[in-house]
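Naming follows writing order (A, B, C and D), and every chain is counted from residue 1.
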Amino acid sequence: MEKAMEREVFRADSPRTETITMNMGPQHPSTHGVYRAVLTMDGEEITHIENHVGYLHRGIEKLAETRTFTQFMPYTDRLDYLGAMLNNLGYAQTMEKLMGVEVPERAEYIRIIMAELQRIASHLIFVASYAIDLSSTTGWMYCMRDRERILDLFDMVCGSRLTTNYMRIGGVAEDVPPGFLPELQRLINDLPACFDEYDGLISGNEILQKRSIGVAPMSAETAIAYGVTGPNLRASGVAFDLRKAAPYGIYDRFDFEIPTCANGDTYDRYYIRILEMRQSVRILQQAVDSFPEGPVMAKVPKVIRPPKGDVYHQIEGTKGILGFYVVSDGTSKPYRLHIHSPSFVNLGVFPEIARGGNIQDAVATLASIDIVLGEVDR
Amino acid sequence: MAKEIQPIIEKLVQSFPGQVEAGETAGQVMVAASALLPVMEKAKGELGFNMLADLTAVDYPENFEMVYHLMAIPDATMLKVKVKLDKGSPRVASLVGLWPAADVQERETYDLMGIFFEGHPNLKRILCPEDFQGHPLRKDYILKTRS
Amino acid sequence: MENLFVNLEASLNRFLTATLPGSLPNLAMALASVVVILLFVLTNVVWLVYMERKVAAYMQDRLGPNRVGPRGLLQTVADVLKLLGKEDIVPVAADKWVFKIAAVTVLIPTIMLFAVIPFGNNLISIDLNIGVFYFVAISSTATISFLMAGWASNNKYSLLGGMRVVAQMIAYEIPLVFSLLGVVMLAGSLKMSDIVAAQKDVWFIVLQPVAFLIYFIAGTAELNRGPFDLPEAEQELIAGPFTEYSGFRYAMFFLAEYGNMVAISALAVTLFLGGPSGPWLPSWMWFVIKVYVMIFLFMWLKWTLPRIRLDHMMQFNWKFLLPLSLANILLTGIAIKLF
Amino acid sequence: MYGQGLVKGLSITLKHFFGRAVTEQYPEQKPVLSPRFHGMLALDAVRCNACGTCANWCPNGVIQIESVRDANKKRVLTGYALDMQYCLFCGLCVESCPQNALSWTQDFELACYHREDTLHKLYQAEVSQVEAASGSE
């Protein structure tokens, strides 16, 4: 009784204000998929955020245990559905590492071209969704228009624009058609002009700068402690990119820089992706210049039975480090297949850095971390 | 680039006699469940593994096995730490104190594999709904095949 | 062509005085002018919804609506029919009466604003000698209906939207009024026709460029458009005060928003761009052209700039726009003193 | 100056306002698809010897094959159905077919109103043919 009584005493100094809890998601225009954040807000200021994920959990890791190794490849398209080529690459390279398969030269170059094209396409979606979350719908349209050209290239190569399923264990499914390289060269020549347009319309815009600079800064220590990798980590000043630190495939043959920004706030996380796109164009140009002839598929048995044992392989995905841990017991189906998804871990840091801002900052911060729910929930 | 991994494993094995042995493949260490926390503190503190790259569990017929991958930024040396847990009630110390990254990954492993992490701040299901029965990734959880 | 409407009005007046006894004809004339204004606003809104989607589309390398009717002209009619067809949902725990009235009261200030707008030479329904003052007084009452909508829908997003509307519209009311003061000081009177007459040789936009800029920025904020669309921010508050509205009630808010836009542009034309005056073309044609130039400016701003943040919006207003408008009044005063 | 970025942005949108639109008017203009486009599957019933390789390779078990043994123990295809609602359009079946009987078409308008319509029967031998083949044992 007296507890209730005590609460009734009106404290003159601090007016009794209540915090409201608000649901952002799972149906919400700016949660990039089915993700729900329960915000505890004091007026417009957020005091606590709680993540709720799992709305898109399809149990891909359980499905993998009843699929053969080649059958699992189309499922990797559905992980980060904006970066299918990179998921294919990660899974294919993991299996090649486990079985010790040697991939022919031409296939390696095709893989680099596809990976970098997919990185640009995924970063274009990032720039588009960041712009539209700050209500610059025009920016969204320009990015989508440019991304179409990359999707047409994918359509030319593997028949589908998004769920590519193009790479196989030991190489790639089919060789690139003759019309591919000239079209790719035209795209490489046009892309820098598109990036300048985004700089003019979005990055250089003072309103956008005022809304992103200094918002939700993430220090390098917090980033490393929370396991954040990829552009978000580089935006906090840590120059760590697997393509340079632990080169897989033939990345060591290309010269490109790893852009980093200084103070890891929302604007840096946005701007670093434009810098990375410019570097990807450089890699693409070098890959097109030294494109070798030769077969595109290694000698691999029709039914793949890798030796017993386990392997963990990481590649630099668009959202961060994408890892595949495969345990095989000698049969043609994986015993256990775990996918380390960068968005799942990057999302863990969102409540930490978004606390204190208002709902508009939370929307901008979530957009700057760039999560894809297919990869978060698996 | 990546530092040589073998001397690091030697150092770990000497400093924890009996509880830590080198694994069969290179860059792998088997650790007894009880010694996990001190080994990880040493790995993070002195050996410079400042990032927990991945954390997962595997359901072998005779025991569970926790698999941790540690990575050193920025030279990307990788260390794989394996811990065997008994089949009946798999329990292991939680690493949230060392790496906050472990928080969501441990909740996911608890949710899907049913491994209990002592000392985890809020060990609840993260992917499956709260009232979900059972742990789907265990081998004894049979999927209902279609038609 | 010039006074087409003036003769029309005169003939209507003769017809009414002939048929109706006593003082009824002026009442009928007043009613007729209300009907004309309503028609003017409705046709404009129908056209503006189509124009906004077309302008936005062309700026984004798209085509915009071109399927319904010739070149998509019947798009707005299709929208209105769709909204009419929608179920009329009133949230269970909503404050029913306030919820229903809000949708009605949102349109009243918009229509009342047009009473003092000179559509052409001596084509003004009531030439109040406090025209500008009347305009500003009525336009500030629009906030109440948004707040009513925000409060009554019993939805956290709407509540936040409602709070933002109050914060924004009240804040930007003051620089809006102060920027008009400069013009009124130059014209020496609040009467619309005097202001238009004073701009015979030089438009006030030339004499008062800063005031025009302040007016334009404060106008965008008043309309909750462009970079200031904080209340109905799709990305954060879904649709702000009118999240829970559907069917025709939502259309009313839509109508009011575009009606306000025409009203604010019309005032800008009267005060800064020399009102309905111009060479060759008849005066009312000039009025429509200038209003649509202003409306294009509003649309251009909305489809380019991202949204401003809440505290920046407040800071920008109190710390920058307000002092600037005061300085402008001071300068105008000194300038009048000298010349 | 403060407004410089804003003005640059405005100039870009104005340039695009008078620029050319890139929209493809879908029903009137059909999209230009690449020859390898994964549209709907097509079966060359003559080549197919109902070996079932494609059904084994399909990750989601989309392909349903019925066959009957004729006189000299050779399998003859009598029915080939695709349960397209589970299809991933991954192409593993087309790749794995030893007789190259399966191929892609460019038809992507596969939407339908009822779930049963997703079951596409690519080949269904008439009852008489089935008797003829099995009857002659």
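In this section, a residue touches a chain if its C-beta (ideal position, glycine included) is under 8 Å from a C-beta of that chain, and two chains touch if they have at least 3 such contacts.
Since the model is a prediction, treat every value here as computed from it, not as a measurement.
Between the contact lists of subunit B and subunit C, the overlap consists of A.
Across the assembly, the mean Cα position most removed from that of subunit D is the one of C.
Distance from per-chain Cα centroids to the pooled protein Cα centroid is smallest for A. Subunit D has its Cα centroid 29 Å from the Cα centroid of subunit A.
Per-chain CA centroids place subunit A at a distance of 44 Å from subunit C. Between subunit C and subunit D the centroid-to-centroid distance comes to 54 Å (mean Cα coordinates, whole Å). Of all residues in subunit A, those touching 2 or more other chains are 138, 142, 145, 201-202, 205, 207, listed in ascending order.
Looking at subunit B, one finds that none of its residues touch two or more other chains. Touching of two or more other chains is recorded for residues 59-62, 303-305 of subunit C.
Each chain pair that touches appears in this list: A-B, A-C, A-D, C-D. Subunit D makes touch with subunit A in their complex at residues 2-6, 8-9, 12-13, 16, 22, 33-38, 57-59, 88-92, 95-96, 104.
Here subunit C touches subunit A in the complex through residues 56, 59-62, 156-157, 160, 227, 229, 233-238, 303-312, going by the rule given at the top. Residues of subunit B that touch subunit A in their complex: 1-2, 25, 50-54, 56, 58-59, 67, 69, 73-76, 78, 80, 99-101, 103-105, 108, 112, 125-129, 136-137, 141, 143. Residues 51, 53-54, 57, 59, 61-62, 66, 224-229, 238-240, 242, 245-246, 309-310, 312, 314, 321, 323, 325, 327, 335-336, 338, 340, 344-345, 347-349, 352, 377-378 of subunit A are the ones that touch subunit B when the two sit in their complex.
The touching residues of subunit A, counted against subunit D in their complex, run 67, 70-75, 77, 138, 142, 145, 148, 152, 155-160, 163, 165, 173-174, 177, 197, 200-202, 204-207, 209, 302.
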